[in-house]
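Read from first to last, the chains carry the letters A, B, C and D; within each, the first residue is number 1.
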Amino acid sequence: MTSNQFMFLLFSAVIVIFSILTVTTRRILRAATFLLFVLVSTAGLYFLLQYNFLAAIQLTLYAGGIVVLIIFSILLTSHIAEKLPAAGLMKKWPAALVSLIGAALCIVVILQYNFPGSVGSTERVNVRLIGESLINYGRYGYALPFEVISILLIAAMIGAIVLAKKRKD
Amino acid sequence: MFEGVPLSWFLILSTVMFFVGVYGFLVRKNLITMLMSIELILNSVCINFVAFNKILYPEHMEGMFFTIFIIAVAAAEASVAIAIIINIYRRIVNIDVEKMDEMKY
Amino acid sequence: MNILLLLIIIPILTIIGILFTRDNKKVRVVSAIGMTFQLITAAIIIIWYLAERHAGNTAEVLFASNWVWYETLNIRFYIGVDGVSVAMIGLTAMVIFAGIFASWDVDDLPREFFTFLILLSSGVFGFFISLDLFTMFLFYEIAVIPMYLLIGIWGTGPRHYSAMKLTLMLMGGSALILLGMLGLYFNSNPDGGPFTFEILKIAKAHIPLNTQLFFFPFLFVGFGVLGALFPFHTWSPDGHASAPTAVSMLHAGVLMKLGGYGCYRVAIFLLPDAAHKLAWIFLILTTISVIYGALGAIWQKDLKYINAYSSVSHCGLVLFAILMFNETAMNGAIMQMISHGIMTALFFALIGMIYGRTHTRYINEMSGLMKVMPFLAVAYVIAGLASLGLPGFSGFVAEMTIFVGAFQHADTFHRVATIIAASSIVATAVYILRVVGMMLYGKINKEEYELITDAKWYDRLSVGTLIFGITAIGLAPLWLSTMITGGIGPVIEKLFLAMN
Amino acid sequence: MFDFSYTIWILLIPFFLFILIGFWGNKFKPAVSGIVGSAGLFTSWILSIFTAYKYFFDVGRVDDVYQQIIGYNTLWLRFTDTLHIDMGVLIDPISVMMLIVVTTVSLMAHIYSTDYLKGEKGFERFYSFLSLFTFAMLGLVVATNIFQMYIFWELVGVSSYLLIGFYYTRDTAVAASKKAFIVTRFADLGFLIGILLLSYYTKTFDFLTLTSPTGPAIGTPPAATFIGLSVLTWAMILIFIGGAGKSAMFPLHIWLPDAMEGPTPVSALIHAATMVVAGVYLVARMFPIYITVPIALQVVAWVGAFSSLFAAIIACTQYDIKRVLAYSTMSQIGYMMCALGVSGMGGHEGLGYMASMFHLFTHAFFKALLFLCAGAIIHAVHSNYLYGMGGLRKYLPITHITFLIACLAISGIPPFAGFFSKDEILVAAYHHDTALFIIEYIVAGVTAFYMFRLYFGIFWGKKQDYHHTPHEAPYSMTIPLIFLALGAAFAGFIPFSHLVTSDRQLFELHTEWIIAIPSIVIAIIGIGVAYVMYLKPTDIPRRVAHSLHGFYTAAYHKFYIDEVYLFITQKIIFNHISKPIAWFDRHIVDGSMNGISYVTNQASDRIRGFQSGQLQQYALVFVSGTVILALVFIYLWT
């Protein structure tokens, strides 16, 4: 077992276990915490794959931003001590069944497919390259999605403010 | 060049994570936990992108960029979703999804 | 300017007038003025038509105008009249005129009421004058839709149920009609060239027998629903029972005639071969209608139900006669439509007036009304006698023409059916006399009935108009018969060709 | 050629009177209606008399044959080129005779009613209906074609209905009027079908064409048959059913006794003298065709004979004097029918035909007289019932005498009118069929018996204590009585065989004393029995009734025919046909329509349930769908 494999298995174990805990725990704040673990482990996978910039974004934005946002909203809407009611069996079983069948189906397909090995050489992705790509509008340039995303973010920001604003009446 | 871990491992991981997210989305009643499940789903997709990129086409960067964009979209989505949740909470002092069936029929 | 257009324009102008009338009380005056003009126009058309024919004009339709409406699909606004439609116009004008006066004391939203009523009548007029299937269907829908609102809003009893039932069944019928009409359209030109909705052109096309056999039931049943063909008649008792007076009048008097007219003008005329092949099925159904309606009426207690079942019987006779495919019976069918139209409108007008005074429609709760409201009671007796086919009234003329015509059929089956249908005249006598005996004769059974007043001037006008209609036809039927015979000539000719 | 077109006015005058009195009668004093009506009818009567004179004695006879003259004809409605209804006036011996009968009796009834109904509510209504009836009846007798006859046939039916129901606040009157109309209507259905059959095979309605020896009915009769009888026979039997309904022949007679609920002048006019003989007239009118279909004629004869016996027996047991007269009417019409049935064609062979018409003529006088007398009696004692009367001869002298004349006439005592006509009928029956003769012979005796039972019961018998002293009727009522009594006494001397015969040629009549004497004898026996039993109150009637117990009860209850009808109409038609149909319609036919709508509604409700608003349910379905689609596309659909 190479170190890569070991690290991968470690991260994936954390991810799977905490994912499951996230969706099953009945304390909402714990769920958020477990989600944080999952996201951090994902960042670890990115590191493993040598996408350092991406991992950094994952950590700051996801782990740092979104999870904090979620925790804030939890604090706004629920009591921390409160235990969520358990879902009914009529709800659990179909959902579990569908999820298992879906997962099994995907895994079987994945295992049956013969992926080609990697061909090209690799070079280390540096931040400069990323930055140039983001503002490049030629081949492999992402200027347009970048702009779109920025507009989206502004829209979301404004939208969130408008939605969450307390009505006068 | 990334050695040792086959692509299928990544895919299986993301599959498991994805369906755990789906399960969560289908089962949890609380809107915020549902949102968390969505985050899980999104994350699993991100892992796929990244893994494909790294293992199959290491000379390109599409997977990474899409992941970045997904994260951005996820952030936007989370903020809007939370705004909506808070709004709903203000109205019905509850964020139980089963109680929100006014749009039926 | 085609004079027939006036029949549509006058109602529209009247409706505009109603909408601009400030005072709710004046609405009925405006309507009355409008419909008086309508009646005059109809009279002028009839006289003009007779004069034209007298002068030797032998065109198949008179006063024809043909405008393109929608070029791509070759839809036209094509109007014109023959002897049959002229007669139907006269009927409609008379009934709507009487209907306005019969609903003189509608206090609840009179503006809307009269608007819908007149809109309905304009649809009927349009239907009778159109010679293009598409226009015809359009006007048909205009006539049917306001019925829902009129019953649903101004009705009595379980009005929503009745209105819904009536509308749904008629809509079902019109869906069948639409299918049938589209079938005609797409087969209107088997030799190539543009398709057409024009009735007279389709009549000249040779539609293959199998196509005819396929589409004939759609059209006949579709129109038959409106003509109260057994077993699609059940909207009629409920609908009539719930409808306000004028609506019952128009509906039984005129709208049901759309069914018979449609069967005659579209189903039989355009698909004669299929009509010949399938006539026996519908002949059985209509014979059942005739007997069944009459026997069903005997048991009823509600005046409107009695009349509704009686309408089933009489309208069954219309379809019965149409299916006999000979000139005399067909002539009788048209006369029966007119006769029954006026008669049943008279009945419903009277029932409405009686109900307005006694607040009940159950015959066993009324007695001796002859004494307190002689005018209405005598009118009711007259209507009843007309309905049971007494000579001197239109019903006799129509029924005898039908029976004599139907009996001239060489086929024994048809003659047996005629005998069965003719026996309905006894059942008719039973239920009519039962009502007259229980409700009008005898002693007054409730004190409050002593205070009842007889008909007001508008009631008298309404009833008088209709009585005039039935007696005029009943005493001197020859002109009407001759006029109608002129109209049904082409249909008979086509059927004759189909037979050989 | 003399122009008879003015005869249309004989009809039109009553018609206009009907309109006039019907619309404007209530604007004036009631008496005005009576006077106007009577005056108008007087004009018609004069015209009829004039027509009869002209026809019989001036222009009608050419070469010893009475001509059939179309006085007036106009097209009313055209069915096909050959089938059309005309409105016209046919002048021939029987129609002219009927004109006389109808206008005379109607005039008498008009005059009589001016006092009889004085002060009644609806006096002018009565006169307008009376005019309507007269118009319709006249239209019927002068019809030029069978359809015109049918039209007026219906109109007399309705005016009879209206007049029976004149006292519309009385339940019995309403029921009686309804019954009369519906029963005759039922019979008319037979008539109508008969007309349809006849017209289908002959392609004409016209009487002259139909009865012409070379016409489509007689000259070239249709070959078609149905259950062994020719269609012509069927048609004639069906037409006879119509006639039987109007003439109250068994078993369609049930309406006639009840019809006595109408005012008495109406009974006299409609239900004794004119309308009820319309059936006889119809058969007489179609007689040339009947003679070619012997089976139909047999039916006529036997129905007539049976009805006459049947009614005569019932008449002996009834106590309502008007009902006795009604059954007597039925019996006498049975006589006429029977006479037609036994008649042959032409010359002395056609004796029955002549006798029937003769009897119709004389019967109109004495039966109208009897009814009007009954009216005067009822007017005086305010009761219809025999046991409330007795010893009235002193109070009502004129009525007494006239009644006696009528009784003698109907019993067939010479020289009163009934003797002559009845005797001819018996002769005709004797020559045709002994069985019929015996029946009619017995009936003659029974008739004498029940008439004198009535006579003795009313005018003799024990004296009653009346509430107020009965008094003789006023002149307007007694004058018609006297007039009709003259007719009843002397009408028998009219030489009918020179006027009204089957082939319209006159023949010489000989009184056959071998028949006449026994018939007089049996009449006297009948009178004698009545004299013994009823002149003074005795115990005999009760004992006779007791010894004939079952039969008497049955006869008293009119042989339960009414009950049978009631059973058929109420139990079977009403409860077992109409009610189930109403139920079937509401629950099966309409139920299936409602069922369709119910199913649609339910289905839509179910489908609506899918749209629950539960987000997770949607998501579950969505995911499952995706998974299933994936499975399908990966494994199943490759």
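Keep in mind that, in the parts below, a contact is a pair of C-beta atoms (placed from the backbone, for glycine too) under 8 Å apart; a residue touches a chain by one contact, two chains touch by 3 or more.
Since this is a predicted model, take the numbers as computed values, not measurements.
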Centre-to-centre distance between chain C and chain B (centres being mean Cα positions), rounded to whole Å: 68
Euclidean distance of C-alpha centroids - chain A vs chain D, Å: 105
Centroid spacing, where centroids are CA-atom means, of chain A and chain C in whole angstrom: 73
Rounded Å distance between chain B and chain D, as computed from the means of their C-alpha atoms: 99
For chain D, residues that touch 2 or more chains besides their own: 616, 620, 623
Per-residue multi-chain contacts in chain A, two or more chains: 91, 94-95, 98-99, 102
Residues of chain C touching at least two other chains: none
Chain-level touch network, classified as line, ring, star, complete or other: other
Which chain pairs touch, all of them: A-B, A-D, B-D, C-D
Chain B residues touching chain A - in the complex, by the definition given at the top: 1-13, 15-24, 26-30, 32-33, 35-37, 39-40, 43, 46-47, 50-51, 54-62, 64-65, 67-69, 71-80, 82-87, 89-90, 95
Complex contact set, residues of chain B against chain D: 22, 25-27, 97-98, 100-105
Residue ranges of chain D touching chain B (in the complex, touch as defined): 608, 611-616, 619-620, 623
Complex contacts: residues of chain D adjacent to chain A: 616, 620, 623-624, 626-627, 630-631, 634
Interface residues, chain A side, partner chain B - complex: 2-5, 8, 12, 15-16, 19-20, 22-23, 28, 31-32, 35, 38-39, 42, 45-46, 49-51, 53-54, 57-58, 61-62, 65-66, 69-70, 72-74, 76-78, 84-85, 87, 91-92, 94-96, 98-100, 102-103, 106-107, 110-111, 113, 115-116, 118, 120-123, 125, 129-130, 133-134, 140, 142, 145, 149, 152-153, 155-157, 159-164, 166
